[in-house]
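Just passing along the structure, written as C-alpha cells.
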Amino acid sequence: QLRQQIAVANATELLQKLSDKCFKKCVTSPGTSLGNSEQKCIAMCVDRYLDSWNVVSKSYVQRLQKERQ
Amino acid sequence: HEMQQFLMAEQQKAQIQQQLHALTDVCWEKCMDKPRDKLDYRTESCISNCVERFMDTTKAIGVRLQQKYKEM
Amino acid sequence: QLRQQIAVANATELLQKLSDKCFKKCVTSPGTSLGNSEQKCIAMCVDRYLDSWNVVSKSYVQRLQKERQ
Amino acid sequence: HEMQQFLMAEQQKAQIQQQLHALTDVCWEKCMDKPRDKLDYRTESCISNCVERFMDTTKAIGVRLQQKYKEM
Amino acid sequence: HEMQQFLMAEQQKAQIQQQLHALTDVCWEKCMDKPRDKLDYRTESCISNCVERFMDTTKAIGVRLQQKYKEM
Amino acid sequence: QLRQQIAVANATELLQKLSDKCFKKCVTSPGTSLGNSEQKCIAMCVDRYLDSWNVVSKSYVQRLQKERQ
C-alpha cells in the first residue's frame, strides 16, 4: 500500500510538472479553446519530457555505478 | 466514522485550496503585467481563459500519459 | 482545531506568495526605505492578486460543475 | 513540559532558518549578477536593503490583508 | 526488521525519484527550447552532459562547504 | 537527535539550493567536463552565497531586535 502511495505521489508530481511546463511553453496567450498547434505542442512536450526523463535516468544510474567502482 | 468523513472533507478542501493557489500563480504570471488600479476586462478574460486552458492541458496530458503507460 | 490550522496555513501561504510576487514586481532596486510609488504598487498588487484569486475560483468552480454534468 | 519547550524552541529555530533560506533566495536573485571574487560594497548594501524592504513589504501586505478581511 | 528494511528501501527509492524529478527539471530548462517531434541528438547529449555536470557541481559544492565548515 | 535532524535538513537544503543556483549561473552550456572557468565560478558562487546568507542573517536579526523595542 505504501508502494502504491509512492507510485501515485510520483504520477501526481509528474502530471503537475508536465502541466506547468507544457502550459508555459505551449499556451502563450490563452484563448477560448486550445488551438490545433497548441494541442500538438502539448503532445510533443509530454513525449519529449518523458524522453528527457529516460535520458536523465540512464545518465544518473550510469554515473552512480561509475562512482561505486 | 464521522471523524473520518470530517478529515476527508477537510483534506479535499485543502487540495482544492492548493489547486487554487497553483492556478492563481500560473495565471497571474501569464496575464498580469504591472498591477493597475483596477482589474481591466482584458486581464480578467485572460485569467478565466487561462484557468480553462490550463485544465484542458492537464486533461490532455493525463490522456497522453495513460496511452504511454499502455504502450509500455 | 484542524479547520483552524488549515485556515492559518492558507493565510500564511497567501502572505508568502504575495510578499514574493509583489516584492519582485514592485521593488526593483531596494533602497533605504519603501518609496511612495513602491507602496502604491504593493497595495495594487495585493488587490489585483485577490481579484485574480476570485476570478480563478469562479472559473474553476464553473468548470468543475460543467464537467460533473 | 521540558520536552515540549525544547520542541517549540527547535520548531522556532527551524522556522527562522526557513525564513533565512527564503530571504537569501530572494535577495540573491535581486542583487547578485555574476559572482565575483569578493562581495563588493554595492551588492552587500543591496542585500541588506533587500532584507529590510522585503520585511516592510510583508508587513504592508499583512496590514492590507487584515483591512480586506474586515471589509468582507 | 523486515518492515524496517522495506521502509528504508522505499524511502531510498522515493529519494532517487525525487532526484530524477529535480534533474529532469533542471536539464529540461537548460537544454530544451521548443519541443519538436523527435529528441534530436544535440538535445540528448546536452541532457546527458547536463546530468553529469550537475552532479559534478553538487560534488564540488559539497567539498567546498566542508572546507568552509573546517575553517569556522 | 531532533536537533541533528534539523541541522542535516538544513545542510541538505543549502546544498540543493547552491547546486541549483550555481549550476544555473555558472554552467550555461554543459560540456563533457567542468571547464576551469566554470569551476572557479562555482567556487565563487558558493562563497558569495554564504556571504549573502551572513548579510541576510545580520540584517534580519537586527530588524527583529529593532521591532521588539
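We call the chains A, B, C, D, E and F, going by the order they appear; numbering starts again at 1 in every chain.
One rule holds in what follows: a contact is a pair of C-beta atoms (placed from the backbone, for glycine too) under 8 Å apart; a residue touches a chain by one contact, two chains touch by 3 or more.
Everything numeric in this text was worked out from a predicted model, so none of it was measured.
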Joint neighbours of chain F and chain A, given as chain labels: E
Partner chains that chain C and chain E have in common: none
Farthest chain relative to chain A (centres taken as mean CA coordinates): D
Pair in B-C, E-F or A-B that repeats A-E, with over half of contact pairs matching by residue number: B-C
Averaged-CA centre spacing for the pair chain F and chain D, given as whole angstrom: 15
Euclidean distance of C-alpha centroids - chain B vs chain D, Å: 28
Averaged-CA centre spacing for the pair chain F and chain B, given as whole angstrom: 32
Set of chain D residues in contact with two or more other chains: 31, 52
Multi-partner residues of chain C (each touching 2 or more other chains): 14, 22, 26, 47
Neighbour-by-neighbour ring order, given that chain B leads and chain C comes next: B, C, D, F, E, A
Residue ranges of chain D touching chain F (in the complex, touch as defined): 7, 10, 13-14, 17, 19-21, 23-25, 27-28, 31-32, 34-37, 39, 44, 47-48, 51-52, 55
Interface residues, chain A side, partner chain E - complex: 2-3, 6, 9-10, 13-14, 17, 21-22, 25-26, 41, 44-45, 47-49, 51-53, 55-60, 63
Chain D residues touching chain C - in the complex, by the definition given at the top: 22, 26, 30-31, 46, 49-50, 52-54, 56-58, 60-62, 64-65, 68
Residues of chain C touching chain D in the complex: 11, 14-16, 18-20, 22-24, 26-27, 29-34, 38-39, 42-43, 46-47, 50
